[in-house]
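The letters A, B, C, D, E, F, G and H name the chains in turn, as written, and every chain counts its residues from 1.
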Amino acid sequence: MTNEIIFAGFGGQGVLLAGKILCIAAMREGKYVSHIPSYGAEMRGGTANCSVVISDEDIASPVVERPDICIVLNTPSLLKFEPKIKKDGILIYNTSLINVKPKRDDINIMGIDANSISEKNGSSRAANMAVLGFLSALKPELSSVESLIVALDEAVSERNKKFNPINIAIMKEGFSLK
Amino acid sequence: MCKIYSYPESLVDTKTHYCAGCGHGIVHKLLAECLDELELREDTILVAPVGCSVLAYNYLKVDGLEAAHGRAPAVATGIKRVNKDKIVISYQGDGDLLAIGTGETIHAANRGENITVIFINNAIYGMTGGQMAPTTMENQVTKTSPYGRDVSDVGYPIRACELINTLENPVYIERCSVHDVKNINRTKKALKKALQYQKDGKGYSFVEVLSMCPTNWGVKPQAGADWVRDVMVPYYPLKLFRDNKEKIND
Amino acid sequence: MAKGKPVINIEKCKGCELCIGACPKKILKMSDETNSQGVHYPVCFDEDSCIACTFCATMCPDAAIEIIKYN
Amino acid sequence: MDKKILMKGNEAIGEAAILAGCTHYFGYPITPQNEIPAYMSKRLPQIGGCFLQAESEIAAISMVMGASASGARVMTSSSSPGIALKQEGISYMSGAQLPAVVVNMQRGGPGLGNIAGSQGDYFQATRGGGNGDYRTIVFGPGNVQELADYTIKAFELADKYRMVSMILGDGFLGQMAEGFVLPDKVERLPEKPWALNGAKGRAPRTIASLKLKPDELLEQHNLDLKKVYDEVSEKETIFDTYMADDAEVLIVAYGTSSRVCRKAIRVLRESGIKAGMFRPITLWPYPYKDLTDISKGMKKVLAVEMSHGQMVEDVYMSAGRFVDVDFYGRAGGMLPKVETIIEKVKSYV
Amino acid sequence: MDKKILMKGNEAIGEAAILAGCTHYFGYPITPQNEIPAYMSKRLPQIGGCFLQAESEIAAISMVMGASASGARVMTSSSSPGIALKQEGISYMSGAQLPAVVVNMQRGGPGLGNIAGSQGDYFQATRGGGNGDYRTIVFGPGNVQELADYTIKAFELADKYRMVSMILGDGFLGQMAEGFVLPDKVERLPEKPWALNGAKGRAPRTIASLKLKPDELLEQHNLDLKKVYDEVSEKETIFDTYMADDAEVLIVAYGTSSRVCRKAIRVLRESGIKAGMFRPITLWPYPYKDLTDISKGMKKVLAVEMSHGQMVEDVYMSAGRFVDVDFYGRAGGMLPKVETIIEKVKSYV
Amino acid sequence: MCKIYSYPESLVDTKTHYCAGCGHGIVHKLLAECLDELELREDTILVAPVGCSVLAYNYLKVDGLEAAHGRAPAVATGIKRVNKDKIVISYQGDGDLLAIGTGETIHAANRGENITVIFINNAIYGMTGGQMAPTTMENQVTKTSPYGRDVSDVGYPIRACELINTLENPVYIERCSVHDVKNINRTKKALKKALQYQKDGKGYSFVEVLSMCPTNWGVKPQAGADWVRDVMVPYYPLKLFRDNKEKIND
Amino acid sequence: MTNEIIFAGFGGQGVLLAGKILCIAAMREGKYVSHIPSYGAEMRGGTANCSVVISDEDIASPVVERPDICIVLNTPSLLKFEPKIKKDGILIYNTSLINVKPKRDDINIMGIDANSISEKNGSSRAANMAVLGFLSALKPELSSVESLIVALDEAVSERNKKFNPINIAIMKEGFSLK
Amino acid sequence: MAKGKPVINIEKCKGCELCIGACPKKILKMSDETNSQGVHYPVCFDEDSCIACTFCATMCPDAAIEIIKYN
């Protein structure tokens, strides 16, 4: 089983970190994982995204062109990635910031009010944690929320560990949404 | 009722790839205005550097050539030696002009090639994601000076105008900034003068423009503009160094 | 004093807010709405006070502002 | 607990270099390898080493030369156009028999090209883009684990043979993070009795590639170099195979392309087609003999590259003497397509 | 009267370039090709052209790029280490499809080496020492007449295909004077509708090697380049043979080495041994097909080079598929020995 | 009766490959004397340039490394960053230091590497047979300026000390000459001071030495020395530009 | 028939020019010729020499290692090249400047007082012309003196043509010595 | 005034004559003889006038002169 996932948003939304946490969590559960950011001369300071692959076998290409799952945190990312999702794939989008409606009817679309969840728990910038939690509820085969919590601790720098309790709370709330 | 400010004819009406608040956009606009006002658009060949402005030729309605990183003044020399009656502009960032391109910069200036060099000093390598530039300020933290620029180890930020001002042939050297409206207007005057001199066959002109890279400085655009004013300007004095071959003394 | 108004090309705006800092009359603020790229853009909340100084437009790195002057 | 950690390929190289005893790094930024200098600029000061951002790639390789001549384990890294600029320096170092590790995270070319991963610099790396008859040891790792492991190996062989070693990766490998186990720290570094450190109590020594007089001096020097190169060719080839034992069609690929080929082979095997892979890991010395042996009796050999055909010449010169060789490649920073590989292989059987 | 004149190889190149319509020269001094810039600095001002000594080889190739983009016929020249420095520029020009002629009067390597003639840069010239999948047309003239003639041809093909052409000579060829007949002046230069000269009354145009968006752009560009390269490979190979018709042993050599081989063949023929020679003149595109055809049925093919074996790879990939290939080479600026060639050939029959 | 002048210990007792009357020989001798007097021979690593002095390491009894053309200051940087307590000397000609090596020259100086750069300015490319150098004098005929250096086309001769003097970190900058005994003695003092500063860890020093290349100037050695005095010195003023980090004003 | 010749002397003695004139003359007589100077980092400004090959067939290598004929105009050149001459080869040396005696007894050695001949005819620097004339008398198969005279005119620059009469006179005197 | 004399290493001398120009006493001239390389070298024709100033030696690019001083 191979899952190809894209996380996308704007610069400060932590989509790269979200992908990394998912990878570490899945790796700890024995999966093959790969993570690659889109890098390069896109519009500078604009959208950021990363490709994550979680698989039972070694991974051919880390670059995801047609994702099974797509998590988008802002409007430009929705516009860009919605068309690329595989038929019957999953789109999770951040209703807090995205005011346009996804259009496709051949994929599973889920909105989550990620920024509100984050803010409610005392952080203005942890929408990424909310969607991570939600994803693990939706696709437990990728990683359990417990693994995500362990991975979070591994992924963030010493300096930022103090936010972990809040991040975990947000993750859990995301998890509980399903 | 009339439109007193609109985007210049020589500017392509498109969205640039630059970050919000990037100084490159301001300088492009000014350059386009100068080309309009001097009616030089159809006589101009722009050499784009390797740096965030590598696509500058997509935003100005002029012929464009891409140089290898740092080599724009040499490429511009090659163009000018064939197209003697055309306006040749070498547009470069600080990594391009003052690191890898130091030799090309100094020697084109020394020859006094009849070209205009526009030097965007944003104290960082923008395109590659924020490494230390020759113009990075003392103690400034960048991707490759994670503990801040240690001037005792890697040297002080280099002042390009001062360096070039030691050479004989340059005709016009000025340092400007685009951190506020007053300085933007001054920058435009400088660019216009430089192009006019080139048109008149006077020779080499060098316009340094202090500019914002909010993305890689990790600040909001307005804070970036303020940083130019508060940190860069005191170290890089905004002034006319040479005009019409004459050195300007303080 | 001259009168006028800024015309903002919403789609070109990248939301840098430099125009806001540049306006001597402080009559620009960022919109609540976003453009198609999800970007907030400036709006002039007091056109009567605009003196058509073009500062906002001059400052704009994205040539997203034009200035109309009333004669 | 699993010792696997998740790191970007570029950072894995950086940490592996430090584990290998690299104390000096000189480089100049270029995408897609910027994480290497960024990593080294943080880490080297922590271990009392020296990170210096050079004013250019040429200055960087020259600093590497100076540090290497002084006996340090030293590294530089860049990507395609930047590596092109280092060719003269690499030639000088080879002529002067100075060891160092050079990393090339290849990007799309020619020229400025783009910043996606590519394998368009194979010729440059294995044939030498510099002047003269010199060789560099070239590794083509296929994942983050190998990037780390062969960085260690690159330092080891560089010192052992007094040659430049190169890690020939690509943008995808450098940018991607995977789980991998950090290699062990190298505890004993080799002595370098040839290093320059001031002629205290000994005769002064000189390290140079210039060999002017008598006329034959340079020829002899080249013969000496050749002897080293022959020994390396003899002893240091490394390769890997995948389902090659019973294969009827042999795919030859290295680095990122080999990952795509693996996938294709699995799919082919599912539909009963006996495909396998030969994966050279040292690209110079190329494992000619092993490839020749393994390819004998195959219906076809297919070389797959992220280029318009460079490594395939090494396949022609080995497997190609006995088996028909086909080629599939994409240039400009594009990955080979699994489907195309499958299609090609199917057409052979 | 005999129109033959005596000129150094380097000067013959200079005069031929001028006859080819070259108006701009940018270069940097290096032995053994200094007579080229010296000659051009005298001659170009006389015809209203431009000679400029650049601050470095890199600046020189960059100036060449600018002049070429402006539509001029333009040339640069250097020798081995200097050519190594031009690799990035050549890759850029190739990516931007800008024509120019680059002369490499090879010297002994690696590194600073020495200043005698050598053929150690064959790989660099034919495989590309720069980054990415690009090609340059490479000529390997064998005497002063050919230096002149193929300089003309190099300009012609460069413009025709919008590629960089290279004259791959060596120090001996450049320094020696021989009798030769000056080629005719090229009267009609091709139009260059793509050149930059200001967007007067037309849409602005851009010449660049950067191809960022969409992702496939650079791949397409590489495919376009490949099409040109394929056409050149198809149409523009040039070679020469010497006593090859009835030969049993075929020597393959180019440039200065081929002169020595000619001599050896004459001696061998005197003692009744049927030796002959295949002499590639275009080194890229290499005349694979012709060499394959001619070598069929030979007892042996012997590649002779002033290197430790570079062109021989092209022989392996063509003749080598049907005939046993041997190699003899000397590196470091030494000429192959007539006696050794004779000995080798005798051992085959 | 005693020997009051002999060749220095640090100088190899051999015949050099230099032409009769070449300034390189004089500077080598002075350098050897300084190494003797400061007892630095066994602590010194010399970086030889590509130029006539490429074989300098054959004439001085110190460890030597050959740099690629123009790259000596970068190579010296690499050495010094490993051999922190050794004396590292970058010995370079004008083509090497000021043409192809412009970037390396400026940046090593700007970093303030604790090395000594000895710059032999003989206004020509000696080794390659007499081409125009960045320091070739106005109207000087060379192999590549057969009609004389046209400063309006290729620029004025570059003054290295003045250029480097615009940077912050250099500790010591002086221009000397070896065209007569008085100046030879001054040159020796300068070299000695530079090495002393390096030994004391003060930082970067730059000693320019005007020198004769009779062969490529096409004159007899004494005429060459006179030409230095009469043509070069007036353009390249012999003076101390900076000492112990302090700029010396005229 | 192939003749391999070396001309050697110090910088200003015109050995390169002598070689060139011989080449042009022989070329005009239908021979294959080649001429190559020793170039490079010898002792700078010291000796100069060139290899000349005159042949009925195309020339393999222009570099002469063991000359058939050697013409040396100063002492260092004699010291350097005498040992290299082929057995039964010819050494012509300039007795005006060379005060050491050639040593070999397996070659033909001829001294000529070239500088005196030059000076007698009014030039201080045409010793090269004297040896050229002498060579053509000695080995007429290389080139006739008439061809040398034509070649001289071709070889020297416009500016120096005014010296041709003197040069020719010196050449002829050299020729008459045999 | 000090007294002394120059000792010339004939074989090292390249005949540049710079020593001759450097001597304040003008007591050096070039030899008629040549060394083994055919090079003329300086000779001191008036050692009594030598003041052991070392100028000639200092000037010599080839370290071919040593100076002896008499006490």
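Following the convention adopted for this analysis, contacts are C-beta pairs under 8 Å (C-beta built on N, C-alpha and C of every residue); 3 or more make two chains touch, one makes a residue touch a chain.
Quick caveat: nothing in here was measured; it's all calculated off a predicted structure.
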## Note on the structure
Contacting chain C as well as chain H are chains none
### Message
Between E-F and A-C, which chain pair shares more contacting C-beta pairs?
### Response
E-F
### Query
When the centre of a chain is set as the mean of its C-alpha atoms, what distance in Å lies between chain C and chain G?
86
### Task
Report, in whole Å, the distance between the mean C-alpha point of chain C and the mean C-alpha point of chain E.
60
### Summary
Per the C-alpha means, the centres of chain B and chain E lie apart by a whole-Å value of 39
### Task
Averaged over CA atoms, how far is the centre of chain B from the centre of chain D? Could you give it in whole Å?
38
### Task
Provide the list of chain H residues touching at least two other chains, using ranges where the numbers run on.
none
### Query
Got the chain G residues that touch at least 2 other chains?
40-41
### Residue numbers of chain F (touch at least two other chains)
15, 18-20, 22, 54, 66, 68, 99-100, 102-103, 106-107, 127, 134, 153-154, 214
### Query
Touching chain B in the complex: which residues of chain E?
23-24, 26, 50, 52, 54-56, 58-60, 62-72, 74, 88-89, 92, 96, 196-201, 204-210, 212
### Summary
In the complex, the residues of chain G that touch chain H are 10, 74-76, 79, 97-99
### Summary
Interface with chain G, chain H side, in the complex: residues 34, 36-38
## Note on the structure
The residues of chain E that touch chain F in their complex are 28-31, 34, 37-38, 41-42, 45, 51-53, 55-57, 81, 111-112
### Query
Hey, which residues of chain D end up touching chain E in the complex?
58, 80-81, 83-85, 87-88, 91-96, 106-114, 116, 118, 120-121, 123-124, 127-134, 208-212, 215-223, 225-226, 307-310, 313, 316-317, 320-321, 330-334
